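We just call them A, B, C and D in the order they show up, numbering each chain from 1.
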Amino acid sequence: MTLWLMAGLLFTPLAWAVLTLLMNFTWGRLVTWVGIVVQVLVSLGLWLAVSRDGGFYYGLGGWEAPLGIELRVDGLAVTFVLLTAVVASACGWHAGVYIDADKPWHRYFWPLFWFLWSGLNAVWLGGDLFNLYVGLELISLSAVGLVALGGKAGALRASIRYLLAALLGSLAYLLGVALIYGQFGTLSIAGVVFWLEEHPVPAGSSLALALMVTGLALKTALFPLHRWLPPAHGIAKSPVSALLSALVVKASFYIAARLWLELGEPLGNLAAAQLVGLLGSAAIVWGSWLACRQLELKQVVAYSSVAQIGYLFLLFPLTYSVSESVTLQAQQGITLQVISHALAKAAMFLAAGNLILSTGSSRVDALKGVSRFLPFSLFSFGLAGVSLMSLPPSGGFAAKWLLLQASLGSGQWWWVLVLLVGGLLSAAYVFRIYRASFLESSETDHFYHPPRSLEIIPMILALLSLGLGLVSAEVLSVMALPFEEEGSP
Amino acid sequence: MMRALQTLVMALACLAFTGVLATSIWTISGNPTPVNLTQLLTENMGRSGVEHPVTAVLLNFRSYDTLLEIGVLVIAGIAGISMAKTASLEDPAMRTSDSLLYALQRWFVPLMLVLAGYLLWAGADRPGGAFQAGAVLAATGVLMRLGGSPMEFLRPGLMLRLGLALGFTVFLLVAVASAIGGDAFLAYPPGMTKALIVVIETVLTLSIAMVLLALFVSAPVNDAEDPEEGAPS
Amino acid sequence: MTLNTWIPVLALMTSLIASLVIFALPEKGYRLRTAVNLGAALLKLGLVVVMVWGVFRGVGYGVSFTMVPGVTFVLKADAFSMMFAGLSAVLWLLTTIYAVGYLEDSPNRSRFFGFFSLCVASTMGIALAGNLFTFFLFYEMLTLSTYPLVVHRGTEKALKAGRTYVIYTLTGGAVLLLAIAWLHGVVGDLPFREGGHFTGSDPDIHRSLTLIFILLVAGLGVKAAIFPLHGWLPQAMVAPAPVSALLHAVAVVKAGAFGIVRVVHDVYGVDASSALGLLEPLAWLAAFTIIYASVRALWQVDLKRRLAFSTVSQVSYIILGVSIFGPVAAVGGLVHLLHQGIMKITLFFCAGNYAETLGIHRIDEMDGAGRRMPGTSVAFTIGAFGMIGAPPLAGFITKWTMGSGALAVNMDWVVVVLVASSLLNAAYFLPVLYRLWFRKPAAHWPHERQWGRLETSAWLFWPPLLTAVMTVMVGVLASLPFSPLSWAELIVLREYSP
Amino acid sequence: MTTPLLYALAGALLCGIGLFGLLWLRHLLRKLLAFNIMGSGVFLVMVGLPQHQSGPDPVPQALVLTGIVVAIAATALAVVLIRRYYHLSGMSSLEDEPSPRGDDPE
């Protein structure tokens, strides 16, 4: 059963990419919706299977590492697979209604969407360094294609900038992979870790980790390498922005985090860990500050992503040479932050898209006076904002709580200040939007109510993100499952 | 002045980067590798279905990489044709009526087709394979295109998309076929490995050529565009 | 899972669900919305009454589950939580009635009542929270749900006040979170417990405990409007009258004061807080706030702003009461939580009536309003005398108990503060009453509306009268069982002899 | 010093040059070429380093083959984008763009 689920998980997005490539937009939408159901069921099935029986390695083509490529199917990976299924299906559903079916080039939205999905799954499950590179490129190229789809000069400029940044990041990562292979003769992360456990650290391989992490940080838009993100996320169509902010940047971060957790202790050093944390903190402050100053709604949300990504990088200092319980808290906190930010940010972008559709303008001050029309999307936007401000009971709050505990527990109290100030700064830009919408204005006299289905999707995502905090113990317990180290099932 | 300073800083940074990298490579080259993959590979060659190790790695041991990589290529193709002119591919500027080119074309096209076929066939036991063959095939197409052949099948339509997807689809179907039978994804059924790899290589050659050619041809852009969200249309 | 575990959840859910239903209702669904509002308020009142009876008999109500690894979400009903829950349930009902009348024909009522119910749900959560973590959850939810109420009018001024409010409360929330997280890091998850946890604790952590206590009080003090953290409160007066009433009498300031009492009594414990030397400075701070805000109130010409400074002053009575290490004074402080709520809501209802019926906002416009609106003015007078502490009204009970409690532990200066504060109260309320009853009315009111038989709309008329009657009753009947005073004695008894 | 090691070191040099070009050049096509140079450098390191230690190794060769195809795809996509960008805006670099802040009157 598990084997079939795995095959289904890998096959469906790729197959649907081909299927939808052969159709026009309307048919593609129909087929995609069927595919979404299949993929969600498969992801859910796999998640249930893993939460019942524990994780395993899945050797593709029947070959085991190091000769073949092994997928690492553990609690964390399947949780992210499930998260991807939830967010991507929400975006796919939304896009089907939101995107104009009459433009001929929009038919290419669907294949790119499915390729993106398959790339994400490849990254969550990947256990092979080079395979992760291919997965990353799959994601980057389809994401760039989606940003550029049918766009004007502005969108093209953003996507070129995005592409160049992504390519440079991938190359840096690949160079690190080359060094690792040169050193260890294997591409399997588990193989490298296994060897390092029993042998002294060979000289010269720290650079490999540094290169990989730097490249991935560039792809994740860590300050000061974040300049490409806001234009790309701000200018893309809202469902695309949602996908990019919610999932795509998380993919590269996920690899970086996995590498750091596995190899950071032998290959990293304290200064580097603190430096990464410092850059993350700078991202939180700088991103929030810029978010406060944006005039366009989606730019606010995009800069907020820069800030929220900063939190993720606190993982590095909080897991380097600290006690096991602190490491665990930091990991759990970051995992919750990834999940809750993914849900909240997707909700926010989709809601922002609806609001732009309703008011006919992409500017923040266009929200003036709309509250009398009871804009449902504004409410979703606000709820998602609660999670971004990491106020209870959202998942963001649970994440912040765990990170606070980790910082206090490891004696690195300076991150406590960052976390608290970051929360207040995010409140500053979220409340700016609230404020704009509460302003009464007699000038606003029309308001287009988007179709119900468009409005419900961001609400569901926002509620999920908000409720995540209440069930975070259960969600995290799946990740702590025993992992079966030996062979395939 | 600022630019010069900037250049200097960048140059120094890149120089430092090169230095660190070279040092690291030098250090690593002195360490022995703990895992000897080559030996493992040699031991398993017999089960791989092909004689040439690179092909064995590409299409058997690490076939998932290859599958995704074809995906990447298809994405590039899709993104390319999504921007192509839909009405007509005829771009007079791209046409040349150079008699030398014409002659070259008459000589080279058949030769290149043969070469592509050879490369494909050679892949089984010596350097060669689908990518090389596909690249040569695409180059043939480019030459014909420059020489003025209309190549109507490259118009963004169902035919082109079928062509783009063909290799990927066959690969994917083979990958899933064994999984339905209860084996791992991408495993070849025993005994059919060689035949399947040949089939995959052949269709891949066609698709790769098609993608590359489509990207070349889709250079003329369409002027139609989406209004940005929120902008008055 | 018995009924007893579910009753607190239900009490919370009544207003939460009411809020969701109201958001979903169309703007025009006036009757249905009112029905949902009142129905939920009555249902909640019923549930609270059941719980009060249960807690009195010693039944344990509660539910808990692990929320984030290492921390539990606890809802629990004890004597103190029932005091706050009772206050919020009673006053929610009255404020809802009042708000229905007050906001008649104004826009965005769905939004208003939705957030209004959400705000009450948060208050309920604060009351029933069984540990600091859960308390914080609802404390922040309260901040979020009151913001839309403060900025409800959507004017630049309202938005500015909203911004001040949010800056103050969210910063306070951040400090509070830091304190709670730190405390959790030092000693783990602590449920609220009568007598506290730190009696005879390890001397090594005393320094941390002291710092954490300061942070806790600073975080909670924002909402409790302790000097110098009170700046948001007078500004927030731009909100509609029911909001001011709810914010000041029930929800926000009381949440802060309630939290401080919780920290002193049920986290640290009075013994430990006193042993750590934390109570004395707190008492001085509270005393200073009482005097300072009363003096500030003297100079306010806007009626609601004067009431706001009065609130700042009165809430510190509660804090002063618990920070005197002695049972009698603690009773005085706790009982003021209820007394001040009832008296202050009366005054705000009346202020709202003057504004809505006659367009009066400033004190110098109130000349002779007593003749035009006798019912409202009688209620206002009772409330004001209660605040001053005239016997036998509610405020008198508070001041008397607190004063005798302070004398019992030889803190004579507290009595001086109480007397001074009463004089100041008189100084800023009596001139208002004088204008109300003994000045001649101006030729015409700033903005008069007519409502037929009664002096104002029936929705607006009855709530202040009811709360005025309650002000008299809780004073006169203070010695009966289930009066606020007896209930406060019950709480203190359980605290001082756990 | 063996030949593969020389390749690897040359690769390091190419990486440096490519990086410099990518950062310093403004014209988008040149940037793209610089990216390809850097890519070649990475591939050289990838093939050279392992072969210095254990002789001919087909695995990195296969990896590089895959990497090349990915690089081709990326390059082709970039060229298409750059061309269309040039066609629509008349610009061939990203430098003279309006400020990324949202408050320009665009």
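Note that a contact is a pair of C-beta atoms (placed from the backbone, for glycine too) under 8 Å apart; a residue touches a chain by one contact, two chains touch by 3 or more.
Going by UniProt, the chains are A, C = Proton-conducting transporter membrane subunit; B = MnhB domain-containing protein; D = Cation:proton antiporter subunit C.
Nothing here was measured: the structure is a model prediction, and the numbers come from that model.
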Of all chains shown, the one whose Cα mean is least distant from the combined Cα mean is A
Gap in Å, rounded to a whole number, between the CA centres of chain C and chain B:
71
With chain centres defined as C-alpha means, what is the inter-centre distance between chain C and chain D in Å?
65
I'd like to verify one number: the distance from the centre of chain A to the centre of chain B, where each centre is the average of its C-alpha atoms, in whole angstrom.
28
In angstrom, rounded to a whole number, how far apart do the mean CA points of chain A and chain D lie?
25
Multi-chain contact residues (two or more partners), chain D
8, 15, 45, 49-50, 52-54, 63, 66, 70, 73-74, 77, 81, 84, 88
Out of chain A, which residues touch more than one other chain, so two or more?
130, 134, 137, 141, 144-145, 148, 152, 154, 175, 179, 182, 185
What's the complete list of touching chain pairs for this entry?
A-B, A-C, A-D, B-D
Residues of chain A touching chain D in the complex
130, 133-134, 137, 140-141, 144-145, 148, 152-154, 156-157, 159-161, 163-164, 167-168, 171, 174-175, 177-179, 181-182, 185, 187, 227, 230-231, 234, 290, 293-296, 299
Chain C partner contacts - residues on chain A that touch it in the complex
329, 332, 371-372, 374, 379, 386, 389, 391-393, 397-398, 400-402, 404-405, 408-409, 416, 420-421, 423-424, 427, 431, 434-435, 438-440, 469-473, 476
Quick one: in the complex, what on chain A touches chain B?
3-4, 6-7, 10-11, 14-15, 17-18, 21-22, 58-63, 66-69, 100, 103-105, 108, 111-112, 115, 118-119, 122, 130-131, 134-135, 137-138, 141-142, 144-145, 148-152, 154-155, 175, 179, 182-186, 191, 195, 199, 202-205, 207-208, 235, 237-238, 298, 353, 356-357, 359-363, 488
Within their complex, chain D touches chain B through residues 5, 8-9, 11-13, 15-17, 19-20, 23-24, 45, 49-50, 52-59, 61-63, 65-66, 68-70, 72-74, 76-77, 79-81, 83-84, 87-88
Spell out the residues on chain C that touch chain A in their complex, using ranges where they run on.
23, 27, 65-71, 73, 107-108, 110-111, 133, 136-138, 140-141, 143-144, 147-148, 151-156, 158-159, 162-163, 166, 170-171, 173-175, 177-178, 181-182, 184-185
